[in-house]
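Labels run A, B, C and D following the written order; every chain starts at residue 1.
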Amino acid sequence: MNSAVLLISCPDKPGIVAAVATWIASVGGNIVHAEQHTDTTDAMFFQRVEFQYNDSTSLATLTAGFTSVATNWDMHFTLNPIPRRARTAVLCSKQLHCVADLLSRTTYGDLGLDIAAVVSNHTDAQPLAQSFDLAFHHVPVGDGTNARAQQEARVAELLDTLNVDLVVLARYMLVLPPSLVQPWSGRMINIHHSFLPAFIGANPYRQAHDRGVKVIGATAHYVSDVLDEGPIIAQDVTAVTHRDDVADLTRKGRDLETVVLARAVRAHVEHKVLTFGNRTVVFG
Amino acid sequence: MNSAVLLISCPDKPGIVAAVATWIASVGGNIVHAEQHTDTTDAMFFQRVEFQYNDSTSLATLTAGFTSVATNWDMHFTLNPIPRRARTAVLCSKQLHCVADLLSRTTYGDLGLDIAAVVSNHTDAQPLAQSFDLAFHHVPVGDGTNARAQQEARVAELLDTLNVDLVVLARYMLVLPPSLVQPWSGRMINIHHSFLPAFIGANPYRQAHDRGVKVIGATAHYVSDVLDEGPIIAQDVTAVTHRDDVADLTRKGRDLETVVLARAVRAHVEHKVLTFGNRTVVFG
Amino acid sequence: MNSAVLLISCPDKPGIVAAVATWIASVGGNIVHAEQHTDTTDAMFFQRVEFQYNDSTSLATLTAGFTSVATNWDMHFTLNPIPRRARTAVLCSKQLHCVADLLSRTTYGDLGLDIAAVVSNHTDAQPLAQSFDLAFHHVPVGDGTNARAQQEARVAELLDTLNVDLVVLARYMLVLPPSLVQPWSGRMINIHHSFLPAFIGANPYRQAHDRGVKVIGATAHYVSDVLDEGPIIAQDVTAVTHRDDVADLTRKGRDLETVVLARAVRAHVEHKVLTFGNRTVVFG
Amino acid sequence: MNSAVLLISCPDKPGIVAAVATWIASVGGNIVHAEQHTDTTDAMFFQRVEFQYNDSTSLATLTAGFTSVATNWDMHFTLNPIPRRARTAVLCSKQLHCVADLLSRTTYGDLGLDIAAVVSNHTDAQPLAQSFDLAFHHVPVGDGTNARAQQEARVAELLDTLNVDLVVLARYMLVLPPSLVQPWSGRMINIHHSFLPAFIGANPYRQAHDRGVKVIGATAHYVSDVLDEGPIIAQDVTAVTHRDDVADLTRKGRDLETVVLARAVRAHVEHKVLTFGNRTVVFG
């Protein structure tokens, strides 16, 4: 038997659960695990169904088969074979804690990633990538009026060439243009070092210090066209005091960033995240 | 022996601690507890000193005596007798959890308040105030073009008449004008139902829901001229999920609001808070 | 239409969800909300179903009707009309923060309780009960060899007379004998001031201080025959440091105790808790 | 100028702070940072003083000089040059998340360690150590009646040979005998995967699951003769629900373990931890 995860979102109506279950039974499938959520505010239904199916059936056949169900119920859906490691590009800059953590977790089996390459506008991460036997691509911003656009074009081309399922911005400090973001909608995860929507943009720890907050946070979100505005997948915070200067906040925040980013990446690669407008459903 | 708390803030220079200790010794005082903080970012020094002094000495004499030390070191200071219950006005509207909590805590001895009155633009809190044998003042917003200004004037006059040390806005839902805020600078504490600076203004739980955050928070702060911008005294947060609609966020937030407000009020009445620009030092 | 909550636990088998849904449909019921949990470790199934039914049908009839379904599937179940306020006795001793908090929450509508009486072995809570217009019963431990047993007998008789649905031990500091606990199995909730199973028994904050822990906690649980061993409904913790002496831990712990107890009581009265051996399923 | 950290503990008496400051001035030292704590329960005084001194003075001279102050005040003290990376041996078994995290943090500069070797009774960590260009020592438990004692003797000898300042048990799953623990008193840190004192010993996540707790935790502590009883340096917890089986608790606990262990190791290597009986003072 093979296994797959079906992720569904659609307007809420009576009978959806039965319709999905009936279809799975009709293809000889066996439901292993199912979770659902009804958003009463917007009358939307979300479901994650993990099921086994006969290995003589192809996933393409299943996908074609479910399409008519989906059409009937006005569903968005994805059908994903499991287990399959997500082929991933990790982008970073000079701060290495997030990329190092992702590489470690992948190595000791905490995250089901197949890291295709580490990509950076700096060379700081190169030794780290090498120590894990990973390809490293240095894509610096050069000089000249078009330097930034040229760098963005090179990154875009590189991501295409790498043929990845997922792009993780692990403290990549260059803002991406819409042309680079849109092709990766729902497949590009960023870690922002504040509890969004507070402290959007640059230097959030300095902003937090100057505002005198008593908690700092980190937010992992899908990247959208608008800076730091995409759907939030995971957030966490930690208490701070007046004794914490910007360097202390930065250090304490690192542990938040690594854990929150890893949590979001895991939820994504285990097909537990559905987006809905600017919000997410993250199954447990 | 009597007891007092000296709160000091001044530019950081070598010798401050010794100067304060020498002065206390010179008046026959005995330091019971001292805490200090140096803000290296802005080169500022903060200290809280609890000391005993001979009960033949008046606090006015001590205050006069310390003024010359303060002048030499360019200090702001307050000298506060302890224990003394803070005479307090509690303002609220229709939501009663914060006012009920403050009244309960005062009753069972958790907060050193002497509640002079509960004041509200609605009557919902009246039975609660009465059950605790407290004065209740209903100051509604009437009709007419000047209704709001008239109500504000009545509140301002009432606070003056009540002769309180502290004003607590326990989910008082009317924005106060600068004329009402300024006389109470550093003595008026508000609870805002978000982790500021996120979700300033009205309906923060709805804002939080619409943004799809995974944590909600509450913030207690001194009130300043700018809405929700005053120095933060205490903050806390709790995790939420996609399953929480606005009503759930509101219910979960209530526990945060009561605890965070009580924590801030306690720190204030125990003379543990110093403000510095828009930030606070909150000693433990 | 009337509403009810059906709570089910049984060995996990295929078809349970359908059997329950079919029965509800057969009595003209309409499912408003359903949550379920399968404990794979012990192969047990748990479900909470909130449904509406025709108000010409009595709950007794429904209960009788569902009994055959329950027998077929080897189910434990309860069928509870909603909304109905739980008639509750609150027991306390000298510490008043938990009882004060429960009374406040009931007053401002946060908890669906109908408090029948406050019962205590001390008189400290009497003024508080009176301020909320509640009956207060003082059941002190007298002198003599049988004093404790006599007091327990009086409490047992009082609880019977009060005809309550729920008993809340809100920092009631006398250990109850099995004879008093057993009749209230699953209907008596205690708050213990530690994160159980750490620091069972007396003076947990002193125990925590002496062990030098960096977090303290509170635990709300159903009372069982064995001290502090019953099924845990809710727990929470807060960070502490070496600066916190026993008095500090006690003060910080109070906020945990009130919030955790209230959370557990709310889950219970909303029929969201199922017990299973010494564990609980607490639906969200 | 050189820098050093002086760590002091002694019975609390008036004049200690002045005595220490006077001595530092007498050797031409300049206090950069000082923190102190008075434990009122046991009348003990603790201080951490970071100071600069003339680089023509040797640390040995300073240590000899301070000894007479220490004798006068009945002090325990250590005088530690900073910055100096702590030469460290990391012991692990089959679980690699803690060792991987320590290696990553060391690499990207979050922890001031100089890792002398990774030591394990299994070979799982060997590739990881190699990827970071670190020595790896496999010290398995062999067969035969004395196998365990022989393995312990080899580990003891290896730690001596490595000439380390610190031993970190990063999920090393063999209980160490007192003969191996005692030489490293105050210099050997273990991570235990529960919030001690709950769930001492083997399989704490299973114990936690069986007890039905709603929070799980991790504890970093100095190792003492009694299993899981040494002074606690850091603890943290996370919420769990009935939906978390033992595997889920184990996965969620990993993030706690890595962060709590790193926090404890950092505090130790920055000379911020003082032990006192079975408790610790951990300066901020």
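Miscellaneous remarks
Please note the rule applied: a residue touches a chain if its C-beta (ideal position, glycine included) is under 8 Å from a C-beta of that chain, and two chains touch if they have at least 3 such contacts.
Just so you know, these numbers come straight off a predicted model, no measurement behind them.
Shared contact partners of chain C and chain D do not exist in this assembly. If you average the CA atoms of chain A and of chain C, the two centres end up 40 Å from each other. Each chain gets one centre point, the mean of its Cα atoms, and the points for chain B and chain C are 35 Å apart.
Shared contact sites, meaning residues of chain A that touch two or more other chains, fall at 239, 241, 243. Listed by label, the pairs of touching chains are A-B, A-D, B-C, C-D. Of all residues in chain C, those touching chain B in their complex are 95-97, 100-101, 103-105, 107-108, 110, 127-128, 131-133, 241, 243, 251, 254-255, 259, 262-263, 284.
Contact residues of chain A toward chain B in the complex are 37, 39-41, 195-199, 209-215, 217, 231-237, 239, 241-243, 245-246, 278-282.
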